Amino acid sequence: MICKVGINGFGTIGKRVADAVQAQKDMVLTGVTKTKPDYGAVMAINKNYPLFSATQDHYEKLNNSDLEVQGDINNLIDISDVIIDCSPSGFGIKNKKKYKNKDVKAIYQGGEPSDIADTSFNSTANFEESLGKDSTRVVSCNTTALCRTLYPIHSQFNLKKVRATMIRRGADPNQDSRGPIDSIIPKMEVPSHHGPDLQTIIPDIDIDTTAVKVPTTIMHMHLINFELNKETSPDQIINLLEDSPRVALIDDKLGINSTSQIIEIARDLYRPRNDIWETPVWRESIKKSGDEFYLFQAVHQESDVVPENIDAIRALMEMEKSGEKSIKITDGSMGLLDKLYEL
Amino acid sequence: MICKVGINGFGTIGKRVADAVQAQKDMVLTGVTKTKPDYGAVMAINKNYPLFSATQDHYEKLNNSDLEVQGDINNLIDISDVIIDCSPSGFGIKNKKKYKNKDVKAIYQGGEPSDIADTSFNSTANFEESLGKDSTRVVSCNTTALCRTLYPIHSQFNLKKVRATMIRRGADPNQDSRGPIDSIIPKMEVPSHHGPDLQTIIPDIDIDTTAVKVPTTIMHMHLINFELNKETSPDQIINLLEDSPRVALIDDKLGINSTSQIIEIARDLYRPRNDIWETPVWRESIKKSGDEFYLFQAVHQESDVVPENIDAIRALMEMEKSGEKSIKITDGSMGLLDKLYEL
Amino acid sequence: MICKVGINGFGTIGKRVADAVQAQKDMVLTGVTKTKPDYGAVMAINKNYPLFSATQDHYEKLNNSDLEVQGDINNLIDISDVIIDCSPSGFGIKNKKKYKNKDVKAIYQGGEPSDIADTSFNSTANFEESLGKDSTRVVSCNTTALCRTLYPIHSQFNLKKVRATMIRRGADPNQDSRGPIDSIIPKMEVPSHHGPDLQTIIPDIDIDTTAVKVPTTIMHMHLINFELNKETSPDQIINLLEDSPRVALIDDKLGINSTSQIIEIARDLYRPRNDIWETPVWRESIKKSGDEFYLFQAVHQESDVVPENIDAIRALMEMEKSGEKSIKITDGSMGLLDKLYEL
Amino acid sequence: MICKVGINGFGTIGKRVADAVQAQKDMVLTGVTKTKPDYGAVMAINKNYPLFSATQDHYEKLNNSDLEVQGDINNLIDISDVIIDCSPSGFGIKNKKKYKNKDVKAIYQGGEPSDIADTSFNSTANFEESLGKDSTRVVSCNTTALCRTLYPIHSQFNLKKVRATMIRRGADPNQDSRGPIDSIIPKMEVPSHHGPDLQTIIPDIDIDTTAVKVPTTIMHMHLINFELNKETSPDQIINLLEDSPRVALIDDKLGINSTSQIIEIARDLYRPRNDIWETPVWRESIKKSGDEFYLFQAVHQESDVVPENIDAIRALMEMEKSGEKSIKITDGSMGLLDKLYEL
């Protein structure tokens, strides 16, 4: 089958998911929605993506511009098998009724509450739970990254306890109005919600998280401390992660010693939008101190959930039965790599 | 007479003006207003500043906290001769009716439109125009700085044309939610409104301005180009500015080569809140190229209008008849300096 | 003929020029040099770019790594018709002797003094001056951008006077050690050296420039004021620039209102490394006030000189006789656009 | 006795220690050293601090300026009982010989290796160990802050394990040349050196630390996780820290939710240079999750070690026999507070 996919919201996540859908042989893009006739709408037209208004109210405004508008969100739903809701955080809840009314399958993003959908989703950890479901929620960029490294470690070595500090970017690169410019803002929810969010995917994991926001735009970083029930060594962890999907080991000794250096690799690889769909983990950070391990990883907040959204479509539509298979197709079509470079 | 001064709004400008009022022998602070029982309200109490709610609606919320609240803005107006409106940009217009209703004199800030008040105000350039008026508007931090350097130059050497580029800070130091973090945002209004705003004070000045916003919190900077009708030399301009009120020459050759170095001086001077009420001008930037002059100045956006607000009180209340006299009193009481350091 | 091109230095500029050389039908890359076996050297190997050490001294260090090294800079010179010196600012002078000794043609970058080479170079403005010369210097990213917009305007409408303010980025995206983080640093050389640098290309232009450095990594911005000897209108300037090589008009009204929004376009275009080889100019900034015009442009400091380096090879080697022809070949091979998007 | 104190180095730390020495009744400042006749040297003269050159070599340069120079470092040593070495990191080792040669007591800063001096020093934790010693090293700003909160907790409740993440500022406010501007730089030494440094003061503490550098100038932040051997509650920890020296509880609920808000308090308190000598700890961050506690604190890297330097003088000179007594004198003279505000 060819699955018909509509994207509601054509911003940071939506435009990336739209491109990724286009790259799949088993999917076709039915359209994307916008509220304003701005550069994003022009880009949709230039890319020949059918353009719809995000609400009925926005239809007039969009239609009065010189851009060709195909209808509103309800029209898009009518011609789609699945809608991927890429609207701003909090709007998913408002849109849910529209999807329900028309019995279309729906995929939400991690900014929505976990009870918005039948399941929460991560390709590596729980693809199968969403098979045939009406809706799922792809967990946030941070939780997705945690799933990718912690799920394999947990499966193999049985995590006893995880403590993770998330150093979050203040704004995406093009969000000029957001700060901070010169300040560190701790999340005073202690432990933070990221732990429980991970437990929607890996229920038996014992994790506490803390978080701060800092003046950077390009990536988040996670400093992770963990204990294991099964004895192992840093090298075994490294070997495991080298074989884990969507995890890419990187090497401080080559001068890759910051988030900006990671982005530079993506640029040198001619990645679209310098996206890093994989979760980069510093080889040298995987260390043992006493009974506790350390692991540092970076998170490209704009793009790491994009392949998961594609897999989520296949799960809901039962186009593939296993995560492993879907991951392989998605990664092949989008160009994900096991390693960002060869040594 | 002792003028009774109320401050409506106790944020960045309001808290500074309140302290400055307290430092005057001919004024007394009747109170300050807040909307929320946050740290700012606690500080008002700790400083023994009578606390009022900024609106009737906010009274309950504020009064239900543990803080002692004296009433709302109307009560504050009743016991004041002048209200200084230090509410966020755009609120002045809404508050105007309250002041009018109770016939209290009012001083607005530069974020409000120029027709909100009888006059626009700068101590150096047009103090006398506001004598006895019901209301005035202290022009913005940027316009205030332009007045201080350009008015003396215009008076003495007759400005033929001014072109000024303003490089503006994205947010104040404690405005964590505002950006940009890594971007330059040009003001696409060309020329920008800063020129016309200066003309509310110096009507016969021929000036065009342009502006960009950049990721810094501490100061604005102005790069000014100007032509004169009267022949003169850079040294004469320097001499003139050394004698001009609230202008402080600074020296690049001593390593004072950025806005952060200027703030460091304020810190080393033990200035309250590291405020720089004066307008610092780089001696080495005052250069002539062909028929045109250059001058670079920095602007401490949080504080440079504070002494002007004090002088504006004296003008409205006719407590002093000349700007020169009021400036002398204000500067003496607040500790403004002719030079930020001795060579 | 197929010109054999060696690149001395494989950093920000060098790696881009290497890729651009590879994209030319009339050129072949003989190799690139490195000093350290870091990520950049690994990338050269991964791209099958022959790797040489930047000096004889560095040969051992590089050769002792696992990377295959072909020799040192002298070996690279021996197999090349032209060397493009992309070493850090100031090293070009040191390298000059090596090139002279072996009679290889050399292209230097804008960080070197203008007398390092026979000519200074810009494709639009003075390609023909470098025909058959032994060496040339591609002017800096800022001067290149000024050439592209001011040369056509000057040719057509005769510039009487230009005043340009450059708001410069503090560091490139991957230069983590460079600041400032929260400060504006004015260049106290008034007027700045950028004007005289432009005059090495357009000798009869009357220009004064000023510059500041700000905490951003992605692009420079120029706020340009100019007067013309020939009467014209903003629309005529816009029309002229629409037809000028390597100038791309952009539209504030579409929400493209900052340097980060421009980079977002490059990302959405899947540009390699999100490079913007063209000089983006805001349509809405081209305004007239009295007798003076305004124009705002942005400068992608990492990449705008790359196509000029390619053209410079053709000039030195007399592979093409006109700039127009070379520009057409270079732009076609690299994918430069007249417009970054269609309206 | 009146102790004669010389300061070698008049930068960020040196100028603050000099002012603090001046504020003590039992100390007198014999002089400060500089290498260049810049603004800092001018400030020393303006403050009537005797000025010496930091080395014999720098004497000429400094003396040829208009500033009055009293001699070089050796002359300063001759008239001092103690030298506080506030030279840049790594220079202390070079200076050590000079102090040894002339048998003057010496205090080093935390950037030096721990074996440079007889002891490492923190007022709260181990004042008495340095009594009568020839030299000591005041540990770094980060380690000092850790001592202040962890030592009382350890003494009272017996720390079983501490895990601390330090989010460090990239540069001090006036260090314009240092970055990063838009990047997060992890310290790839895992665990980082901060743990062992704390153990020079509290040898029996089990602590692992990790660290990243981020684009901010104003404060570091520590996210601390700890386990205790003695059962207790968050409230008991809060009570303990309320009574601990140089720890100041702050309240997120009042809107004090970032490092910039803490600096704003210092500014509102009219603190010299907006210094925060105390270690601010968020009341709401002290939480228990399972068996583990959390605590978030901020560190004013420019000033928190200043009072410890003063106490270190008294320890070396045996002017007071107990840390408690010295702390009381220092805090009274400098104006440290138990609480930064009253609720």
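In this document, chain identifiers A, B, C and D correspond to the written order of the chains, with residue numbering beginning at 1 in each.
Please note the rule applied: a contact is a pair of C-beta atoms (placed from the backbone, for glycine too) under 8 Å apart; a residue touches a chain by one contact, two chains touch by 3 or more.
Because the structure is predicted, anything quoted here is derived from the model rather than measured.
Considering every other chain in turn, the ones in contact with both subunit A and subunit B prove to be C, D. Compared with subunit C, the chain whose C-alpha mean position is the greatest distance off is D.
Computed from the mean C-alpha positions, the centre of subunit C lies at a distance of 46 Å from the centre of subunit D. Between subunit B and subunit D, the centres computed from C-alpha atoms are 36 Å apart. Inter-chain centre distance (subunit B to subunit C, centres taken as mean C-alpha positions): 42 Å.
Residue positions of subunit D touching 2 or more other chains, listed in rising order: 173-174, 176, 180-183, 185, 215-218, 257-258, 260-261.
Looking at the complex, you find that subunit C touches subunit B at residues 163, 165, 167, 180, 182-186, 188, 190-191, 206, 208, 210, 212, 214-219, 221, 223, 225, 252, 257-261, 282, 284-285, 287, 289-290, 292, 294, 296, 298. Considering their complex, residues 15, 36, 38-40, 42-43, 46, 66, 173-174, 176, 181-182, 217-218, 251, 254-258, 260-261, 263-265, 267-268, 270, 272-274, 341-343 of subunit A touch subunit C. Residues of subunit B that touch subunit A in their complex: 170-171, 173-183, 185, 215-217.
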